[in-house]
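Each in structure tokens, the structures are laid out below.
Next, two complexes with subunit A in common: one pairs it with subunit B, the other with subunit C.
Up next, the complex of A and B:
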């Protein structure tokens, strides 16, 4: 039962995001559009390039989808609405999301196309830039919660949400999450203008449908992670716990989508330079600030 | 539920997702096959096959970052257990990790001064 509810919430979140994205792009609110285009993808030809690495080519979209679903499976919507409340939940989210890199390099390598391959390797550079900014803020969250269990992390924010306790960590985490979900302005592996779609370029038909669904779900999973780690998860007045989780997750996802609409795509060299010369010192500072706060303010 | 049951459940969800995707593929296939036409399966590169082999070796121009990344990634392996017991151990934990992080951060500064933090 829990499994069905959480997975449906994930699907619903992906659907809502697609509707909102279409709304801000075209100015028209069409709730049926994601389903229609999904059906249209089913009817289209799904072409395989001429000399593919078939295993990588087929595995990439599936792996990306599995990763997004597994990440969401360890994040709580409400105190008892969680598929698997692992003892190492926060670490598991990390571990699952590390496979985004594997999926994208597979998607780049598989079709034997120049643009796709460049997109795939680009994401490797992007991982080196963003990944420390995912793990270091989570460490600071775990320090406060004294646990890696995701429900305990939410429990530690009963009196004060982490976004107030460690705002620096929240900002770094959101930026890194956008880079991890390769949303604009960090969409280097897909970069429509310069790479003709990059890792997406060789996928058509039903395979592209799976890939796009996986990307949307990845955003929902990351927004849910930000909610659990920083926005107090299910805490909130009046409304039932699950409603608060959904509202916050949606708000973070929309924030991630909208922020990217007004920013130009960043160059990879700049992304790495900013992440390492500014991001990582700030992330270390965040850990030290939280460490001192925990000792000084009981 | 025990930890083992959790992992079995997660494995089941992963396999279930794969199953859903496979059934989608079967559904799409039942709606019609891809027609074989010449030139259709050329990878997107302006209609011509790329001049050089794609599966070649590329210059990793960020190798300076990559080496530093290894050091920091190892450090994270120590950070997670440290973070869990941090409040319990208290000031000693802060000093222990502070010294460790300071050495690591000096390494970052040194690399920066030597020009590791730029695209080569």
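Up next, the complex of A and C:
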């Protein structure tokens, strides 16, 4: 039952994001559009490029989808609405999301296309930039909760949300999450203007539909992670816990979407430089501040 | 208990299977990712053996490490896609001999060691993680910190070596001329 609810929430979130994305881009609110374009994808020819690495080509979209679902499986929507409340939940989110990279390398290498391959390897560089900014803020979150269990992390924010307790960590995490979900302005692996779609370029039909769905789900999973780690998870007045989780997750996802719309695509080298020379020292500072706060403030 | 043994065996066989694929393919990326999935299967063995932290850590670390290895293999091999019929094995007899004897030693160690009684109860994942943390920052701190510093030194040294000497020389020249 819980599995079905979480999957439905993921699908619903992906649908809402697609609707909002369409609304912001075209100025028209069309709730049916994601379903229609999904159906259209199913009807289209799904072309296999010449001499592909067939295993990678077929596995990549599915792996991306599985990764997004696995990440969501350890994030609680409500105290008892979680698929698996692992003892190492916060670490598991990282472990699952590390395979986004593997999926994109597969999607890049598989179709035997130049643009796709550049996109795939680009994401490897992107990971070198953002990965520390995912792990180190989560470390500070786990420090406060004195646990890697995600429900305990939400529990630690009963009196004060982490966004107030460690705002620096929240900002770094959101930026890194946008880079992980390769949303604009970090959409280097797909970069429509310069790479003609990059890792998406050679995918058509049903495979592209899976890839698009997986990407939207990934955003929802990351927004849900931000909710659990920084926005007090299910805590909130009046409404039931699951409703708060959904509202916050959607708000973070929309924030990520809108922030990306008004920023130009960043250059790979700049991303790397800023993440390493500015991001990592800030993340370390965040850990130190949180450590001092934990020791000094009772 | 039997279910656990079953899953350990299944993931163990998967690890060996992917390990074989590493050497059976000529594509560098396939080879690297086969090694990745072999290591992931080892991580799943840890999970099946209820050592959750180690399992999740193994699964997480390998994804990035093997992907980085893949790009180095693509950069440095003359036929990264394996489409040119390149044979990447060499010293075949010696390799087979070394492989068979290493496997024999590993199996002998597994069978002949006294592993002690099988634990009936294990601490839950949270308690294990805490115990591991206490170990890493207590008794074993020196070993791990030394290893960490050594790796960091090696990374800095490797980066220093990789920086083109030309730039430094031209900068020196400029300073000398000023």
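Operating definition for what follows: the second predicted complex is superposed on the first by the 298 of 298 C-alpha atoms of A that agree within 3 Å, B and C clash if a C-alpha of one lies under 4 Å from a C-alpha of the other, contacts with A are read in each partner's own complex, and residues count from 1 in each chain.
In the analysis below, a residue touches a chain if its C-beta (ideal position, glycine included) is under 8 Å from a C-beta of that chain, and two chains touch if they have at least 3 such contacts.
These numbers come from a predicted model, not from an experiment.
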Is A:85 touching the first partner subunit B, the second partner subunit C, both, or neither of them? first
Under the stated touch criterion, which partner chain does A:113 make contact with: subunit B (first), subunit C (second), both, or neither? first
Which partner chains sit in contact with A:95 here, subunit B, subunit C, both or neither? Use first/second/both/neither. second
With the two structures laid over each other on chain A, which partner does A:184 touch: subunit B (first), subunit C (second), both, or neither? neither
First (subunit B), second (subunit C), both or neither touched by A:276: first
If we overlay the two complexes on their shared chain A, which of subunit B and subunit C does A:105 touch? Say first, second, both or neither. second
Which partner chains sit in contact with A:56 here, subunit B, subunit C, both or neither? Use first/second/both/neither. second
Under the stated touch criterion, name the partner, subunit B or subunit C, that contacts more residues in subunit A. B
Under the stated touch criterion, which partner chain does A:147 make contact with: subunit B (first), subunit C (second), both, or neither? both
Both subunit B and subunit C touch subunit A; at which residues? 86-87, 91, 109, 112, 121, 124, 128, 131, 147-148
What residues on subunit A touch subunit B, complex-wise? 3, 7, 41-43, 45-50, 61-62, 65-66, 69-70, 73-74, 83-87, 91, 109, 111-117, 121, 124-125, 128-129, 131-132, 135-136, 139-140, 142-143, 146-148, 196-197, 201-202, 205-207, 209-210, 268-269, 272-273, 276-277, 280-281, 284, 287-288, 291-292, 294-295
Contact footprint of subunit A on subunit B as seen in their complex: 1, 3, 6-7, 9-10, 13-14, 17-18, 21, 24-25, 27-28, 31-32, 34-35, 40-45, 50, 52, 54-55, 58, 60, 62, 65-66, 68-69, 72-73, 76, 79-80, 83-88, 90-91, 94, 97-98, 101, 105, 108, 112, 117-119
Touching residues of subunit A toward subunit C in the complex: what are they? 51, 53, 55-56, 86-88, 91-92, 94-95, 98-99, 101-102, 105-106, 109, 112, 121, 124, 127-128, 131, 147-149
In their shared complex, subunit A is touched by residues of subunit C numbered 27, 29-30, 33, 36, 52-53, 56-57, 59-60, 63-64, 67-68, 70-71, 74, 81, 83, 124-126, 128-129
